[in-house]
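Structures are listed in the sections that come next.
Here chain A shows up in two complexes: once beside chain B, once beside chain C.
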Partner chain A sequence: MISLRNVWIVAERDMRTFLRYKVLLIMRAIWFLAQIALFGLVVNKMLRPDVQDAVGGNYFHFYVAGIVITLLYSTAVFIGYDIFEEADHGVIEYLLSVPISRKELVLGRSIGGGLRSFIYVSPMMLFALYLIGISNPLQLLVAFASLFLFTFGVAGFSITLAVSIKSSDKFDILLGVVDALIVRLSTTLYPIAYMPDYYAALAKFNPLTFAADIFRWGAGIESALITSPWTAVLGIVLFFSMFTFLGIILHEKRIEGGGWQ
Partner chain B sequence: MAPIIRTVNLTKKFGSLVAVDHLNLEIEEGEIFGFLGPNGAGKTTTLLMLITVIKPTEGTAYVGPYDVTREPDKARTLIGMAFQEPKLLWVSTPWDVLDWHAKVCGLSSEERRKRVRWALEELGLWNERHKSIHGFSGGMRKRVEIAKILIQRPKIAIVDEPTAQIDIVGKHRIWNMIRALRDEGSTIILATNELYEADVLSDRVAIIHKGKLLVCDAPKKLKDSILGGDVIEVVLEKEVPSKIVEELKAINRIVDVLAVKPNCLKIYLNQAEEVLPRITEFFMKVHMPVKSIQMSEPSLDDVFVHYTGLTIEEAQKR
Partner chain C sequence: MAVKAVMHIMERDIRYFFRFKWWVAGMVSMNLADLFIMAVVYTRMVNPNLVVNYFVFFAPGLTITALFAAAFMIGREVNMEIRRDIIHYMLSLPIKRWELAFGRVLAGSVRGLIYMSPLLLTTLAITYLYTSVFPSPLELFTIIFTLFLVAIGTSGLSISLALSTTSFEKYITMRGVVYYVLFFCSTVFYPMTLIQSSLPTPLVLIARYNPLSCGADLSRAFLLGTPPFSFWMLLDLGIFALFFALVAAFAYRRAMQK
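Right, the complex of A and B next:
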């Protein structure tokens, strides 16, 4: 039987560890602000009115919501790097020796990886909402709940990759490629209307598109949605279920009996 | 009384390498059990199987009543380990590491604070408790690792090379803390390649070499079991030819002669006081001037030599 106390202790450890990467956290926050204050504002001025219409009337608002999602993704993915770092320092052996079950350990890591990302990005999310404005608090709550699941899904996705690949260099390169594709083949930064059809077809099933859509819907940028908000919620739930489950199964299989060696 | 740890044909293979080979051991509750062997002997692999970090290839071990292959989660509730290499993330602080360890071991917040503070003060880390481990020396990291087990106070405490990289004052302090842990009710498994450490701390010692158990008994009994209860160490002016060693062995009451260095012999014998004049006379006769002669009691090193034909340093090099 899984002890929730133990799961929470593991998750809490991952959150505390994340806070120790002060330079990384400060740099990511500066990156976020620079993207908004420089890139977002300048590009917004460059765009024709028809492009502005395609994103709900204000590209800047569309972009700010999208950049929050990319930040949420890139910080939730960080748990995979932690797993490699711990394997390098032998910390994984220590974690396997403490009096908690393997299931509690892997579940806690998945939750911790997602939760810390959500908590870290929350102030930036609120800043984004301050810039965009809030029109429907109930929609916003649904959006927050969905994004909460989205971060767990991304953490599970990162753990799945980390435990499937034995080399940290390969993981680093693969994650760079995945990051380039998953962010660019989504509606986080630009509307689907301007994508070639074959890109748009892929973007429609991208979890980042679902997340960007649901956050924009929550913030009231409804005309920018590519589908119904409930489809986006369903997409996120499926993404969360698949990778949380897969991440846990693979992680447990890999660490049990010294498979990480 | 039933043993608190029992291994039954415990075996671990990594590909073609047999790291632990059908190990059968019994460890009694409340004892300090020395696990002695050179690096690569299979000590750490055995301990990692006991703590369920790795699975045996064959055989099993029982931690208390729990089979490590069938009930690993339950086995881990009885056992804790301070690893040979400190298992710490460089961004962590001693306080965070130890506080989390205490928490995951189920200590209440009050008890946690008390024990973490006590361990940090005892090990001289209190002033560094909120500093990143990144800047710590090897010895300081090792002390943080040891602190984990002192805080946890498990029923079975494994300490793997507890004083490696620690200065002599620190060593004595840690030895006293290990003894205190035993006095409070823990059974201690001490893995070490330091013979003196095993000798002074252990109630019983198991000597392991190339994954196999060679012998297991109280240090005194092991030392007494060596044929030739006395040891004479002779340092000569020049290198000793093997022919001389063979001639020396032929002297009555000399049990064995081992060249520990090209100009240094260890002679295992009975009734040293009677044989010593004959030994000095022998060296004079063969024109081998003697630099020094020292008589001693056999040590665990001698026990290791007796069973493997190698000193622990030589075994480590192979």
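Right, the complex of A and C next:
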């Protein structure tokens, strides 16, 4: 039987740990501001008029929404580094000694990893919504619920990678490569219609595409180029289910018998 | 000043650089993804009246961003060494303080140049493929010299920032602001005319005198033919490199004397 209280205690610990990463938090916030206040503004003027029409009239709004999702992804993925660091410093042994079951521990980590990212990005998300404007609060609520699941899915994805790879060097490198590709091969920065076919084929199934497009839909960006909201919700639910499940199973398996060592 | 001692310091820092495998791998993938994915997609979206071929326009800029990111990294190590008193160990070495200081500045720039080299070759290949123009030996030398100046100045700037405070949070905030302002407020990603029409005057001024802009435009002058080469770009970079190399060396020496 899983105790929700225990799950919450683990999640809360992860959220507190996150506040210690001042460097990451400061750098990410500055990056967000620079992306929208400098890059977003200038690139917005560089595009063809038909592109502006296609993305709902204003590429800047399209871009701001995409950057929020990139930020959400890059902070949620950080839980994998925590798991590696804890293995390095012997914290896992301590965690296993506390009166919390393996399942509660693993579930709590996945929830904590996603929740802390959502909380951190919330002010920037609100700022983005202030810039874009809100036209339908109900749509926005659906988008928020989906993004909530998306962050849990990303945390699960990161945990899955972290527990599948034993070398922290390999994990760092793999995450760096995945990070570079997953963002650029999605609709966070540009719509799928302008990608060459070989990139578009990958972008269609990218969870960041679903997350970026559902957030745009929630914010009321009217564009025929964004993924249909129900496809996006379905994609996010599938991503969340797959990686939360995988992350929990693999993590639980690995912590038995000192598999992290 | 003994060249051998400076070389030892440089060798240490260069070896140290390749210990950050994850950072190098992440940066390489980021740079290549920027060029072969992001720039390819933007090429289909950018107004050709403003930038004829964004992919070709961006390629020289990518070399500069790679160089800048790699050379900027030395500051983080210097700040860590100061905070953790590793500098005391450095002082125990039979190397003079000036040699240490200049060794660090030079090491930062050489790391940038090493990291940037494969990307410069990629840029040369791309621009040759699209424009059939290959720079003459003198032009190629000027490009490499320009990149060296950008690397020296960046390394110096990064070390100066690292030594300006012992608080890690303050340093990271300053570093982040300077890094992203120089990065995005430059002609690496977009031409000057666009910056002028999109950003307020103070930022336009930063973009105009930004060493990254001068480096990118100077490379484009020889590789793409536009904007035209101007001697002022070289002078701007020379002043930037000299100023920050000296500031960093003085600041480093002062930090060691505390």
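Structure notes:
Basically, the second predicted complex is superposed on the first by the 258 of 261 C-alpha atoms of A that agree within 3 Å, B and C clash if a C-alpha of one lies under 4 Å from a C-alpha of the other, contacts with A are read in each partner's own complex, and residues count from 1 in each chain.
By our rule, contacts are C-beta pairs under 8 Å (C-beta built on N, C-alpha and C of every residue); 3 or more make two chains touch, one makes a residue touch a chain.
Please read all numbers here as calculations on a predicted model, not as lab measurements.
With the two structures aligned on chain A, chain B fits next to chain C without clashing.
By the touch criterion stated above, A:Pro99 is placed in contact with chain B alone, chain C being left untouched.
Residue contacts after overlaying the shared chain place A:Ala180 against chain C, while chain B stays out of touching range.
Greater residue coverage of chain A by touch, when chain B is weighed against chain C, goes to C. Of the two partner chains placed by the overlay, neither chain B nor chain C lies in contact with A:Val237.
In the superposed model, A:Leu41 makes contact with chain C only, not with chain B.
In the superposed model, A:Glu85 makes contact with chain B only, not with chain C.
In the superposed model, the vertex angle chain B-chain A-chain C (Cα centres) comes to 90 degrees (nearest 10). With both structures placed on the common chain, the touch criterion links A:Trp31 to chain C but leaves chain B unconnected.
In the superposed model, A:Tyr194 makes contact with chain C only, not with chain B. With both structures placed on the common chain, the touch criterion links A:Val23 to chain C but leaves chain B unconnected. Between chain B and chain C in the chain A overlay, the least Cα distance found is 10 Å.
Note: no residue of chain A belongs to the chain B contact set and to the chain C contact set alike, using the contact criterion stated above. Looking at the complex, you find that chain C touches chain A at residues 21-23, 25-27, 29-30, 32-34, 37-38, 40-42, 44-48, 50-51, 168-169, 172-173, 176-177, 180-181, 183-185, 189-190, 194-195, 197-199, 203.
Interface residues of chain A, counted against chain C in their complex, comprise 22-23, 26-27, 30-31, 33-35, 38-39, 41-49, 51, 169, 172-173, 175-177, 179-181, 184-185, 189-190, 194-196, 199.
Within the complex formed with chain A, the residues of chain B that make contact are 48, 51-55, 73, 76-77, 80-81, 83, 85, 87-92, 96, 100-101, 103-106, 132. By the touch rule above, chain A contacts chain B in their complex via residues 6, 9-10, 13, 16-17, 20-21, 85-86, 89-91, 93-94, 96-102, 256-258, 261.
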